[in-house]
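Two complexes are shown next, each including subunit A; its partner changes from subunit B in the first to subunit C in the second.
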Partner chain A sequence: MKFKSHNYIQRSLLGMVSFFKEAIFAEEFAFKPGLLQKIEPRIKAALILSLILASIFIKTTPLLLVLYLFCLLLAALSRISLIFFLKRTWVFMPIFALIIALPLFFTGRIQEGVLFVVRVLTSLSFAVLLGLTTPHTLLLKTMRSFGIPQMFVMTLGMCYRYIFLFAEIIENTYLAIKSRVGGAIHYKHGQHIATWKIASLWQKSLQLNKDIYDAMLSRGYTGEPKVLDE
Partner chain B sequence: MSKTIFELENLSYSYLNKFPALVNINLKIESGEKVALLGANGTGKSTLLHILDALVFPDTGRIRFFGRDLNENAFNDEKFSREFRRRVGLVFQSPDVQLFCPTVKEDIVFGPLQLGVTQNEIKKRMDRLIEILNIRDFINRQPHQLSVGEKKKVSIASVLIIEPEVLLLDEPTAGLDPATCRQLLDLIDDFHAQGKTVITATHDLHMVPELAEGLRILNKERTITADGSCQEILANQDLLKQNNLVHIHKHRHDGSWHKHPHQHSPT
Partner chain C sequence: MHIPDGYLGPTTCGFFYAVMLPVWAIASRIVKKTLKAKQVPMLAIGAAFSFVIMMFNVPIPGGSTGHATGAVLVAILLGPWAACIAVTVALVIQALLFGDGGITAIGANCFNMAFVEVFAGYYIYKLISLKSAPGSKRRVIAAGIAAYIGINIAALFTGIEFGLQPLLHHNAAGQALYCPYGLNVAVPAMAGEHILIFGWVEAIVTALVVKFLQRQEGGLI
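Here is the complex of A and B:
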């Protein structure tokens, strides 16, 4: 018996993984000769930070919308495909909207709800814009130059690196399953594999965590990471 | 001072107190040796290297480094800990574990930076290694974007830059193309020619004569069954076969299949 819904895993698991992999790791825009790419990373970060602050303090929806349009304009000038940009920023929205804004809508404070959603959208878009137009290694370096402790920056960098590794593991696992069963996985069976895989992934991440810590110790790490001055 | 670098006595180790990984190991490694730990999959080679690098400590038995006991206590002594990390370097089996920095360059300089080598000296060493290993093209890239072989080269650079006296290598030739493999073997030779010690874990019989002079075999009981020179042990086909280390070749002669172990005649 073959269920159409075997696509369930394909869509939900692999689709999600690929999406996040693309969303987090797409660096192609960071190297395009656009407006924001040309600005020195530290100045750019300061600029974007102040725009985010502005969007937090602005109290009227129309003014916020202007700021949002300005953000889209900046994206366009930085040669980022608008569809890509919108997809990337809007996909994170429902989570915020649902968790925080829904109660506002339900209690009739619709205007407040709208203001909130637009505000989150605007500040999020600016943050994404910064991320998209700066290679992530430079972003980490910029954080360092803003006085953010190296420990924090290093942890962030490692998270980034190993999320990628896990994305690859999931993708490869999916391909391995597919190559063995020819893509037609029974819905229930597929779900079972997915559940099992997530459990083992969790285990794997604990093991990886220990192994990486060992790898750091082995090269002399003592708890205070040091970096090269350049 | 003793010239014995590592001395292991009745050492056993198990993961989570459940899965035995090393059983009653007795092993002595002298300064300047070039040895291979040979064993099939799952015989405890990686675990043994982690013990030698003092990343895990034995459940029972003991391990000594230049006569000093290696245990948690010894590594509470900051000076000793740093000294040990400077003198002993381990290249992990998986480059994904070994390389954890955002860029290749940061990964390469990680070790010496933590160990307090001066920045000028680090840059000098790095430039030399980049030249030797021919990795200049991807020095600013992210480790996860590299191919398996490229990652392996960077892993090796990240340890060699510490300039250790003892180099522990876990399956160093796995996944390398013949030219890169050659490069690596030459690098190991140079390292050994400077009077340094190389300990390599592998199950690749072909590489053994190039990687090592002495051999220790780990069997499926996860203990050491043989200890001798490369020539001696490689000549002992029965021993190798017992330990699942021989390739069985199968090919056709006049329409019928024919199986025999792979052999290298010692000419």
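Here is the complex of A and C:
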């Protein structure tokens, strides 16, 4: 079976673009002078995590809807475009939950279906709100306050940076493939291209590990990491 | 496979956090003891690698695409304990920063993918490959089988977790409060799609990456 090249490569490229766009948008909102942006990150994280927990513990749809409206109010007060926020939170998880719940609506279990969808929507909206109103590096730093072991916090901080580097490498790779592939690709060939790229990314990772360790040594690393200092 | 918030009840979420806490503690201790100083950045790079593997769209017959979780691949490359930390870190970043997978479900997601899938896949790979040469075809096949079984066991656990929700959490009228489908629906749904589609994507990706790495640097696997 031939695979339309623009489908497979274009989908990968669009995935990369949306990943970068999301991260950039998040950073943009995080620095707006809104309500949640002004709150100390640790307090904000604890507050929003409590609201996510509340959305899991609540057992009735009306109460969950009140919580959801409160989330929208918080988003508006934090100067997040409501259209952007609704788009960001409705696609894809709640729509997927709606599809899962569809059979319930035809079998008389409407209340269960509505409760399920509203719960997924509310908890996801709070999680997205936290990510949008806090610079990502700061959010990772707050994890130290919640007693997360140093090894995890250090790995989280370093990992976050490399994700962008890797995503850029992948984007460039797909652009290079797109510029060289004219016609359709057999799906097996497409699988070989994707896995070959994963293998070469791993090789690059090994090289990167050596370079980073050398850089750490040159900055005085003695075996005890100092993570995400002020 | 990433369970979002709202699918699992508080008891289930708490249970899996409680199960994973000692696993994370043991993983930290073992990795700290065995990791050489110059391999320290490798954990973070391994986590970033396991995060971006999901960004690679792999074409499947029928004109669609799928993606692998890469958990078994990372386990083969880093060893199970380091992979447990790397996949956990990737899942935490996905949940916390990108809303992919729930924050309350981090414990359950890590149990399924960073523990069950990683360890099952790794030991199946070891069992099948035995003492075969690093560049042997047996290791490529072992990686594919391990990835296929690993992701299917993880999917089975996910299906069971979903299916138990109506039994564990319901109101006085017997209505489900979280995932509304019982074991008879959730398990076949999760197992079916992984046996038929996603398991094969995982197997092909893992086996081919191992094969390509063998060609590039035989002693790596």
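The rule we apply is simple: the second predicted complex is superposed on the first by the 137 of 230 C-alpha atoms of A that agree within 3 Å, B and C clash if a C-alpha of one lies under 4 Å from a C-alpha of the other, contacts with A are read in each partner's own complex, and residues count from 1 in each chain.
The working rule: a contact is a pair of C-beta atoms (placed from the backbone, for glycine too) under 8 Å apart; a residue touches a chain by one contact, two chains touch by 3 or more.
All figures in this text were calculated on a predicted structure; none of them were measured in a lab.
**Q** Check whether A:Tyr160 is in contact with subunit B, with subunit C, with both or with neither, and answer first, second, both or neither.
**A** Once the two structures are laid over each other on A, A:Tyr160 reaches both partners.
**Q** In the overlay, answer first, second, both or neither for which of subunit B and subunit C A:Ser218 touches.
**A** Only subunit B; A:Ser218 stays clear of subunit C.
**Q** With both complexes superposed on chain A, which partner does A:Val120 reach: first (subunit B), second (subunit C), both or neither?
**A** A:Val120 sits against subunit C, while subunit B stays out of touch.
**Q** May I ask you to decide whether A:Ser205 touches subunit B, subunit C, both, or neither, giving the answer as first, second, both or neither?
**A** A:Ser205 contacts subunit C only, not subunit B.
**Q** Quick one: classify A:His136 as touching subunit B (first), subunit C (second), both or neither.
**A** Touch partners of A:His136: subunit B and subunit C.
**Q** In the superposed arrangement, which partner chain does A:Ile170 touch: subunit B (first), subunit C (second), both, or neither?
**A** Second partner only.
**Q** After superposing on the shared chain, does subunit C or subunit B touch more subunit A residues?
**A** Residues of subunit A touched, subunit B against subunit C: more for C.
**Q** Looking at A:Phe57 after the superposition, I want to know if it touches subunit B, subunit C, both of them or none. Which is it: first, second, both, neither?
**A** Second partner only, subunit C.
**Q** Once the two structures are fitted together, what part of subunit A is touched by subunit B and by subunit C alike?
**A** 136, 140, 157-158, 160, 162, 165, 208, 212, 216, 225
**Q** Which positions of subunit C touch subunit A when the two form their complex?
**A** Where subunit C meets subunit A, its residues are 4-7, 9-10, 13, 24-25, 28, 31-32, 37-49, 51-53, 55-63, 65, 70, 73, 77, 85-86, 88-90, 92-93, 95-99, 102-104, 171, 175-181, 204-205, 208-209, 212-213, 216-217.
**Q** Note which residues of subunit A are touching subunit B in the complex, please.
**A** These residues of subunit A touch subunit B: 136-137, 140, 157-158, 160-162, 164-165, 168, 208, 211-212, 214-222, 225-229.
**Q** Residues of subunit A touching subunit C in their complex?
**A** Residues in contact with subunit C: 1, 3-4, 7-8, 11-12, 15-16, 19, 22, 26, 49, 52-53, 55-57, 59, 88-89, 93, 97, 100-101, 104, 109, 111-113, 115-116, 119-124, 127-128, 130-131, 136, 139-140, 149, 151-152, 154-160, 162-163, 165-167, 170, 185, 187, 190-192, 194-203, 205, 208-210, 212-213, 216, 223, 225.
**Q** Okay, in this complex, where on subunit B does subunit A touch?
**A** It is residues 50, 53, 55, 78, 81-82, 85-86, 89-90, 92, 94, 96-98, 100-103, 106, 109-111, 113-115, 119, 122, 140, 142-144, 158-159, 162 of subunit B that touch subunit A.
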